[in-house]
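Consider the two complexes below, in which chain A is the common component and chain B and chain C are the respective partners.
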Partner chain A sequence: MKTSKLTSSGPRSWSDLVPLQVLVPILSTVVALGIGLLIIAATGGSVTEAIEAFWDGMAGSDYNIGASLNRAISLGLVGLGFIFANRANLTNVGGEGQLAIGGMIATAVALHGAGSLPFGLAFLVPLAAGAIAGGVWGGLAGFLKAKRGTNEVISTLLLSFIALPIVYWSVESFHLLRKPITDLSSLPESPEIPDPTKLPLLFPDNGSPLHIGLLLAVLAVVVVWLVLKHSTLGLRLKAVGLNETASRRAGLRTSFYIILAMVVSGGLGGLGGAIMILGQQFYLTSDFSSGYGFDGLVVGLLSRGSAVGVVIGALLFGFLRSGSINMEITAHVPSAVVLICQGLIVIFIAGSAIFTNRKANR
Partner chain B sequence: MIDEQMAVFIGSGLRLAVPIIFAATGEMLSERAGVLNLSLDGMMLMSAFAAALASWVTGSPLIGVLVGVLVATSVAAVQAFLSVTLRANQLVVGIGFNILALGATTFLYREIFGPLSRDPIPGFAQLNLPWLASIPVIGPALSNQTGLAYVSIIMVVVTWLLLKYTSFGLAVRAVGEDPRAADKAGINVARTRYLGVLYAGALAGLGGAFMSVADSNTFTENMTKGAGYLAITAVIFGGWNPWYTLGACLLFGFATALQFLVPALQLDVPVALLLLLPYLLALIAIAGLVGKSRQPAALTLPFERGG
Partner chain C sequence: MALLELSGLTKRFGSFTALDNISLGIERGEVHCLLGENGAGKSTLCNLIFGVHKPDAGTMQLGGTPLHPRGPAEAIERGIVMVHQHFSLVPNMSVAENLMLGRAKAVLKPQDIIVRMGQLAAEYGLQVDPNVLIEDLSVGERQRVEIIKCLLGDPQLLVLDEPTAVLQPDEIDALLDICRQLTVRGKSVILVTHKLGEIGRVADRTTVLRQGKIIETVAMEGADIRSLVRSMVGRDVQSAGSVLAATVDMEEEAAAHPAAGHASDANGAPLVPEATGQAALRLSDLVYRDADGVIKLDGVNLSVNPGEIVGVAGVEGNGQTELGWILAGLASPASGSIFVGGRNLDGCTPQQITEAGVGIVPEDRHAVACIKELSLAENLFLGSINKFSRFGLLDKSARRKAAETMMREFDVRASSSDVPMSGLSGGNQQKAVLARELSLDPLLFLLAAQPTRGLDVGAIEAVYGRIRAARDTGLGVLLISSELEELMAVSDRIVVIYRGKLVGELKAGSFSREAIGSMMSGHEHV
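Let's turn to the complex of A and B:
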């Protein structure tokens, strides 16, 4: 529309004071949650009870707040990975697989040797191994893109569906990560990782499960923000993304930057997976990453390339997930209602991008 | 003994392939027009549920299929509005719909079927065509299928004819390769893409309905288990060609069925490796390591007139 160009030089309207980029996500969330409440009411559930249980699950106690934040950490890391690759105009939809592979390798390293390392290396080494594994998984797609021109949307999606059966295989096979069958349990899962490899808690005294993964995630947010907004590397990634041919002519090694962007992107996802295992789950199951990668992808997509946006989205989805689990347990409202809300939030925000982009681009 | 196992294997391979054939064939046409429906899995799941519900209420599996197709096509209409008219990111919208479909079907299933979930729903009978059954080895497997399974092959033929010999097919291909040029040539890009997405929705609906009404006679939570993604993978592996896509779907169906055959034959092959086989094959194909597979040039790119 031409009108937006005209108004930009004219007097500021109310929508300039509350930018659409902020308004739309908030409205989308409110409307989606409202629909969720209507569904609960329409099917004869107690709305007040559901809200209470939901709130309690999200933030009702130190434990619940910690658990919600822990969820947000991994979602945020996948989201950060997404915006990092996206700076080079690459769309990494393979967060689910990078998370899964990172978690699996971190478990393997934690179980086989890392437990006896000193000075916190016991958990740092498995974290690093998970990040590297995720980086390799993402880098594979970057390599195919740079060397063979393979569309990274498709290759990262396929790599996700290749990663999930590999994790399943690793917990199904006794010669890989599966724990020996005992009288008590024969579930296909890994043994519990040794105590020294578990991430130290930030507040060990108040029962909160919040662990130092939070500090790592905050660090990652700052680093990604600095690199993307205020570094030569960020500029080069952007240049490669905008025009690969021109960048190559200008002397940039474009394949290097494409592969690097995907390695870092996948590495952040792998770190997210490693943190899930070392921080709260402590043993590997075949579906430990179930949905987190896709939720993290959505967090990244909705953030519009902003690290701050990733933080907000990760918190929203992390708290929603925690609330929904408690709502199902105590108020007997199926957590599927929250899935409906999440889906609606995503669709609303994506659908309104045409209006908010227009504002941003003028 | 081995013959019997082979017959079971071929039969289950075909049954597993049918919903993917439906969904992949429709998706192939939509992608040729430039729209990728990551929501395919959600469409199938919605249809599987709607078909099960309608069949259970009316006692007619045929009405079940019709309702399933209607529901999936409605989802496709919203997807088309978002990704064509509003030019929303096709991947985000698709993932949003998949989350929504999983939530909605799981919730409604528990609300409606909850206590009755053990009841089988009315489904189609197998046709048992005698002239097909007389073919050695594969005959019994081919004839022990419901009518809907044969419809999937008919849809492949229809889609192939549509793409290759009609003006609509020409428009689809033009719009998927170079929408700007197509627009200049007088083709209505938005209309063509809408029709492509609706077509994908209708066929995904048939695939989803097949799962609940024709194959298992029941609905279970998340019963598609990623079949929609497998269909998208088959389109890639099939190089956006209807016949190769059909071949890919059959291959994936049999690869999935192998997980039942391998333990029966007491072979020591990890089931997980069979599960990842289709995706690995597709990755190898798309990486150009074997053969040549090129996607439509304008795939996932929105089009704005005069922009």
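Let's turn to the complex of A and C:
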């Protein structure tokens, strides 16, 4: 028993798996898209038209590339948040709620005063407010976990179901964020945020909507990577996640680290929500988060704890989403087909873990 | 013709050869002990016989016909049963229900099981109430249920993998009796152990394994235990006297100490010795209640002086574990005070306790002492990684250097400081924990709870050496152990705990197994 344990769980560097780790996502995506095309063909759609529309939507123009990247930014931030909490063995499935709350608070701050701030503070302050709001939302679950042992999977999920109606309420209520009704077509949504609070574009001349959120996201990737891989904080989070009692004995304040992990995790999600509003949507609607939090969660899950993996996953899902939207509009292929493909990718990648792990254990 | 004939068995895990060309015969009606250090291949050999693993080379024969079990089920069919270190019982089901699991076909017949249990009770003295829930049984009783489960099908060969590691002394006696009973009825027993004393008492023959090879197989009649130790460890064990006393409960060793048990007080008055300066540890009226309000420590008063090892003897479950948790700062007492070097540590966090100069070697190495998934270096500096922090980033090369220094100093053997803790043998894990705790600065007091549990002779020797050396530099040590021989070999003073109370005290030179044993069981001392 002892000897077999020794050898089967011995040290094994990830580098042994790298070829597979690159190969598997690519193959998964190709196969999943192939199945998607089969479905389109089987339901009588035009495959060539669909591919054309799909490609056009993803990367057909500077505008579309920019829009795809903008989508990837928010997905990536939620994904980063997921792997950050996961380092402490916490599973934050509440990205959707944290993103929604972050977007709502960012809107509120942008509408009420931030517009007149100088030196870029006009958009930085709402972004910070959104991140803090998301952090509080995530931190709530962390607090419950640390003090009461509440399972964070349940609490983050339920907190999402509280967050979404709050956002709905805020755009329904004139006392809160709803814009005044000016004509019959006035929808329940907030007024547009002031121009100074909108994120500056990176390439204002070529019509790309890509904004400086990209730089923030890259910065976040580097910081999260450093913290998780090379910092004392990352090691402490890992220790607390692996064995709370031993960590406590070693003098770590375990409750603090659990709450911190959830605050940072939620904060990254909240930042993602704020960037969605300030970067491209410019006003709050009740359903602006539209599944980005859950897609971001999938990005985090598939990355297996690696910040680089989050970048790849966020790009993949960001571009897929853009393509599917365009495909639906121009080729009249339901975007559900792309959702099916996304689901297949998840199943393939997650399922491949069984084989790669088994191979590694041999 | 032997019952079980192994020839040329080899088993590799990756590049590691766990068993190398093992040839061995197990006779009918013998107790055959497998002796060896951790990682010598004992468990692997059992798993091959029981069909958990398949051999890479070699053959097995049972009763003259080839044996190639593809899984435990086939081994059981052939009459081979095994009791693992970890039990496979469902805690919230009754004994009879557990025995029916995996055996019942279509219709449950509890009466049949109860009748069969009655037979086994009559034959081997294996008494267990069939209707009681497993979770209400002691560890020893649970093991008895495991053995009954094995015997239901009337097997030929019983494999016991370190069955005594979890048992109390009296339960060990009962188990060894059962082994003898089995052989009287013509069954064979393979007993894996590294407790030499048990071998002397029960084995017909002993096979010593080292690094996957058979070193020797000896008949136990007239065998020299010391020579077994030598073949097991591969060298002469230093200070053989004390180590042997701890691992071999040879009667002459115990008898060497005059049986003049003197319990200073059995009436509940404090056992605080005359104060010489500041005590390394002083407990005053310590009371602890568990979550259900049950009193686990009942007014414990105790002093440990600098340069003194105080042993705490007692049957497990009499408050030792709780005492360890309180001293580690993982549980808070209901009332009472703790002083270390004169400083009051009531309500302190584990970190403050560490800073006050308290080293803790906890009872549960895997749950409390270390994080087995983290590397050796990470574990060595778990509480002190700030030393290697530059602007929050970890200086891994400085930490590696410090870890390597510590590994050399404390003889922690691992291929590098980056291997996960789970890749180390139990002995090296414990040495690493000791290294970390003994390197604290300041260090006034060390709690060592069950420090040699599950370790082999070589590692036990090293642990004792470290604890003694630390004592000699003026450290006060509290040694909690369920091994009487260990306490008698290492302690300067032994206190006995019974139902959360210290009921007696003996000084070195007046230790006696009988006196301590009777106090441990709650009887007034002799």
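Heads up, the rule we're going with is that the second predicted complex is superposed on the first by the 336 of 362 C-alpha atoms of A that agree within 3 Å, B and C clash if a C-alpha of one lies under 4 Å from a C-alpha of the other, contacts with A are read in each partner's own complex, and residues count from 1 in each chain.
In this section, contacts are C-beta pairs under 8 Å (C-beta built on N, C-alpha and C of every residue); 3 or more make two chains touch, one makes a residue touch a chain.
Fair warning: this is a prediction, and the values are worked out from it, not measured in the lab.
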Partner chain in contact with A:Leu233 - chain B first, chain C second, else both or neither: second
Touched partner set for A:Leu144, first chain B, second chain C, both or neither: first
Partner chain in contact with A:Leu201 - chain B first, chain C second, else both or neither: neither
Touched partner set for A:Gly251, first chain B, second chain C, both or neither: second
Which superposed partner A:Leu242 touches (first chain B, second chain C, both, neither): second
Chain B or chain C, by number of chain A residues touched: B
Touched partner set for A:Leu302, first chain B, second chain C, both or neither: first
Chain A-touching residues of chain B, taken from the complex the two chains share: 82, 86-89, 91-93, 95-104, 106-107, 110-111, 226, 229, 232-233, 236, 270-273, 275-276, 279-280, 282-283, 286-289, 295, 299-300
Partner chain C, residues of chain A touching it in the complex: 1-11, 226-227, 230-236, 238-239, 242-243, 245-253
Chain B partner contacts - residues on chain A that touch it in the complex: 39, 43, 91, 93, 144, 148-151, 153-155, 157-159, 161-162, 164-166, 168-169, 172-173, 294, 297-298, 301-302, 334, 336-347, 349-354
Contact footprint of chain A on chain C as seen in their complex: 13-14, 16, 18, 38-39, 41, 43-44, 47, 53, 84-85, 161, 328-330, 349-351, 354, 360, 362, 367-374, 378, 382-383, 385-386, 388-389, 392-394, 396, 418-420, 422-423
